[in-house]
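Next come two complexes built around subunit A: one with subunit B, the other with subunit C.
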Partner chain A sequence: MKLQAALDALPYLLSAAGTTLWISLAGIALGQVLGACVLLARTARSPALRRAGAVYVSFFRGVPLLVQLLLIYYFLPYIGIDVPPLVAAIGALGLASGAYVSEIFRGSLAAIPRGQAEAAQALGFSSATVWRRILLPQMLRISTPALVNELILLLKASSLISVVGVTELTRTSHSFAAATYRPFEIYITAALIYLAMNLALAALGAVLERRLAAAG
Partner chain B sequence: MTDVAMVEMRGVAKTFGALQVLRDIDLTVQTSEVVCLIGPSGSGKSTLLRCINFLEPYDAGEVRIEGRLIGYTETSPRRPMPHHALQKMRRAIGMVFQHFNLWPHMTALENVAEALVRVRGFSRTDATGRARAMLARVGLAEKEKSYPARLSGGQQQRVAIARSLAMEPRLMLFDEPTSALDPELVGEVLQVMRDLAAEGMTMIVVTHEMGFAASVADRIAFLDHGRIVASGSPRAVLHESEEPRVRQFLQTYHERNSF
Partner chain C sequence: MDVSLFLHYGPSLASGLGVTLLCWAAGAALGVVLGFAIALLRRLPVPPLRWLLRALIEIVRGTPFLVQLYLLYDGGPAIGLRLADIPTGILALGIYGSAYFAEIFRAGFDSVPQGQIEAALSLGLSRGAILWRIRVPTMLVAIVPALTNMLIILSKEVVVLSVIAVPELMYQVQSMAAETFAAFETILALALLYWLMVELVARLGRAAERRATAFLRAA
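So, the complex of A and B:
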């Protein structure tokens, strides 16, 4: 074993891990916005909107992320829209996680007692304000553990975006493994970095969860 | 406006699927009157109360608040009232629930101030000032920073009452406000309600507290299977009614409450 190869590559791998992390965070942020929109569609009065929401969820949960990614990357240029790899990557992660996040939100919405919204309605709140001030904040805190979990899954899935040329952790490891002929040292380093990031996220999630529980 | 009733229900009916929960309800409540609704479980008391602020849409008949039809347009055939018009009518009607329904992510003070900011358009400073005064009024000035989970049931219910009162309602609806409370906490909530009645608030109270009904109510209405089968002064309903369903109900009540 040659540790030197790993040590030489380490700064580059760490900076690529930074890219992995922020792309995943951007992905889950987009996923939350989309997830909330999809949930609104799924609880809307219009049957067409409800069906559109259901189709969205089953498509993005049913098609492998890699295939979604390739679709975005190759299809959009095909119809004349030029997408930088980074945008395709974040878009794909966000679209896919939106489907899962909307299911998480749906579960946490169902966990909020009906009286929470009724108390606000009885005071004369508009439905938009009921959503924004009463339901969404409670959904977010109920969802926190599941969202952290989703972020961890997304961070691991983000290794797939290496195929569209984003120099995140997996792709950078590839390059170093090929250039140094030390794949084992390089990939074990990459694995440890992924593991460290996810353990840190899980710990952060546990702290958040305890905080929220304490606030009542 | 003096001769317009605060609440006037005429022929109100409501069904859930095949189940008729309210039938032909007539009920008039004048300004400053306190009316208690009593009756067996499932008789439709909560549903009746919820029709008054249209949390539950009624199917037939009319509910008028200070002369205005709630929930529907005055046109014929009637259509659902526009949302903003309904929201405006609800500002004048406070409601207190059995399970308090305080918002757990806000402190006591924030719970009371929220509607002032979002519905009445107060500045945060003005809303906080009024909210403090309301908490003081229900004896909870020192709990303003507490989250609901840190308050006893009696304290939570008093915060919920303060939250309604902050909106300066002209009518208050109470749905079994003390049923979820430990017995030793019932008194503090009933006292706040007594004070409110003494100040002339118009109140409709669903309750199983016969002592409260007997001493505070101007009128008691007894519901059974979605109908008002007896109504009158506390004395007339609780002591002089010949109606067998009322007698049966009261007998069960006395048996359960004596030991």
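So, the complex of A and C:
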């Protein structure tokens, strides 16, 4: 074991971990917007919309993320859109997490007593207002622990975007492993950084869960 | 897009599918066996062993599969572990899966009602008989949905093995895409195939769950 190789690479790995973190956060932010849209489609009156929402969830949960990533990576040029790999990567993470987030939202929607929406309707609230003022705020609160969990999954999944050339933590460790001939030390360091980020997120999730439970 | 391309690449795609299924089955089997062993060992009243296994599970579950794969494939030789690509892939899938399977088995063991164990003890069953005839069968019925879910997750992780050049389906599709310049169509076809496979496994899982829990409805 030569720790020197790992120590030399550490500043670069940590800075790449920052990239991994913000890409994952961007991915889950997009995932929340898409997840809310998919849930709206799945609870819509139109059967076609409901069906489309269900197909979306089934497709993005059924196809491996790496395949989705390459699909988007090759699809955009196919229809004449040229975007940097980073944008395609965040888009792919967002699309995939949108499917999982919509399921999380669906669970939290089911946890809100139906009477609340009915009472609001009886008081003359429009359907948009019921969503915006009554259902969505509570859903966000109920779903926070599950969303933190989804962020952890996404942070791990984001390692796959190294394959399309985004220089995040996994890609940077791959370059250092190849350049220093010390793959063992470098990948152990990368793994520990991922672990530290995930444990920190899990701890944050536990704190949020306690806070939100106390508020309820 | 010429459909005859798929015929031309038929043999390599078929062999890719074979390698995918092999890695999936062998990796899942290894993961289940290791996971079951870990779950049993964690029941022993030896605190240091428990802490060690808990830490191992947390490390495997807290790091990306791709990093574990690189560690095994690139870093393995540095510690004297030299394996060909397919065995490396199977070992990586097995280790990755074992941490999740161990947690599934643990939750399953925890779900066995204590009263059943007490009843068995009062009837004079031995510890071994209680484990194999009461705890394990009851636990297995409870974990069918979680097992199906994990098998699906593992099937999707097989494509990651293409990164270390394991000649599974994704790898074959990518070389086909590179040679034919029809990258989008070929990868779309792969996506649709995977979607079908996963839906099929999910359905089989639900059928297995219905069969495994039939005795609950009969009562």
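In this section, the second predicted complex is superposed on the first by the 216 of 216 C-alpha atoms of A that agree within 3 Å, B and C clash if a C-alpha of one lies under 4 Å from a C-alpha of the other, contacts with A are read in each partner's own complex, and residues count from 1 in each chain.
Heads up, the rule we're going with is that contacts are C-beta pairs under 8 Å (C-beta built on N, C-alpha and C of every residue); 3 or more make two chains touch, one makes a residue touch a chain.
These numbers come from a predicted model, not from an experiment.
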item: Partner chain(s) touched by A:184 [first = subunit B, second = subunit C, both, neither]; value: second
item: Per-residue contact with subunit A, leading partner among subunit C and subunit B; value: C
item: Which of subunit B and subunit C A:133 touches, first, second, both or neither; value: first
item: Subunit B versus subunit C as contact partner of A:194, first or second or both or neither; value: second
item: First, second, both or neither for A:81, with subunit B first and subunit C second; value: neither
item: Contacts of A:124 with subunit B and subunit C, given as first, second, both or neither; value: first
item: First (subunit B), second (subunit C), both or neither touched by A:48; value: neither
item: Subunit B residues within the subunit A interface of the complex; value: 53, 55, 83-84, 87-88, 90-91, 93-95, 97, 99, 101-105, 114-115, 118-119, 147-150, 160, 163-164, 167
item: Complex contact set, residues of subunit C against subunit A; value: 58-59, 62-68, 70-71, 74-76, 78-79, 156-160, 162-163, 170, 174, 177, 183-184, 187-188, 190-191, 194-195, 198-199
item: Subunit A residues within the subunit C interface of the complex; value: 58-59, 61-68, 70-71, 74-75, 78, 156-160, 162-163, 170, 173-174, 177, 182-188, 190-191, 194-195, 198-199
item: Residues on subunit A engaged by subunit B in the complex (per definition of touch); value: 113, 115-116, 118-127, 129, 133-134, 137-138, 141, 215-216
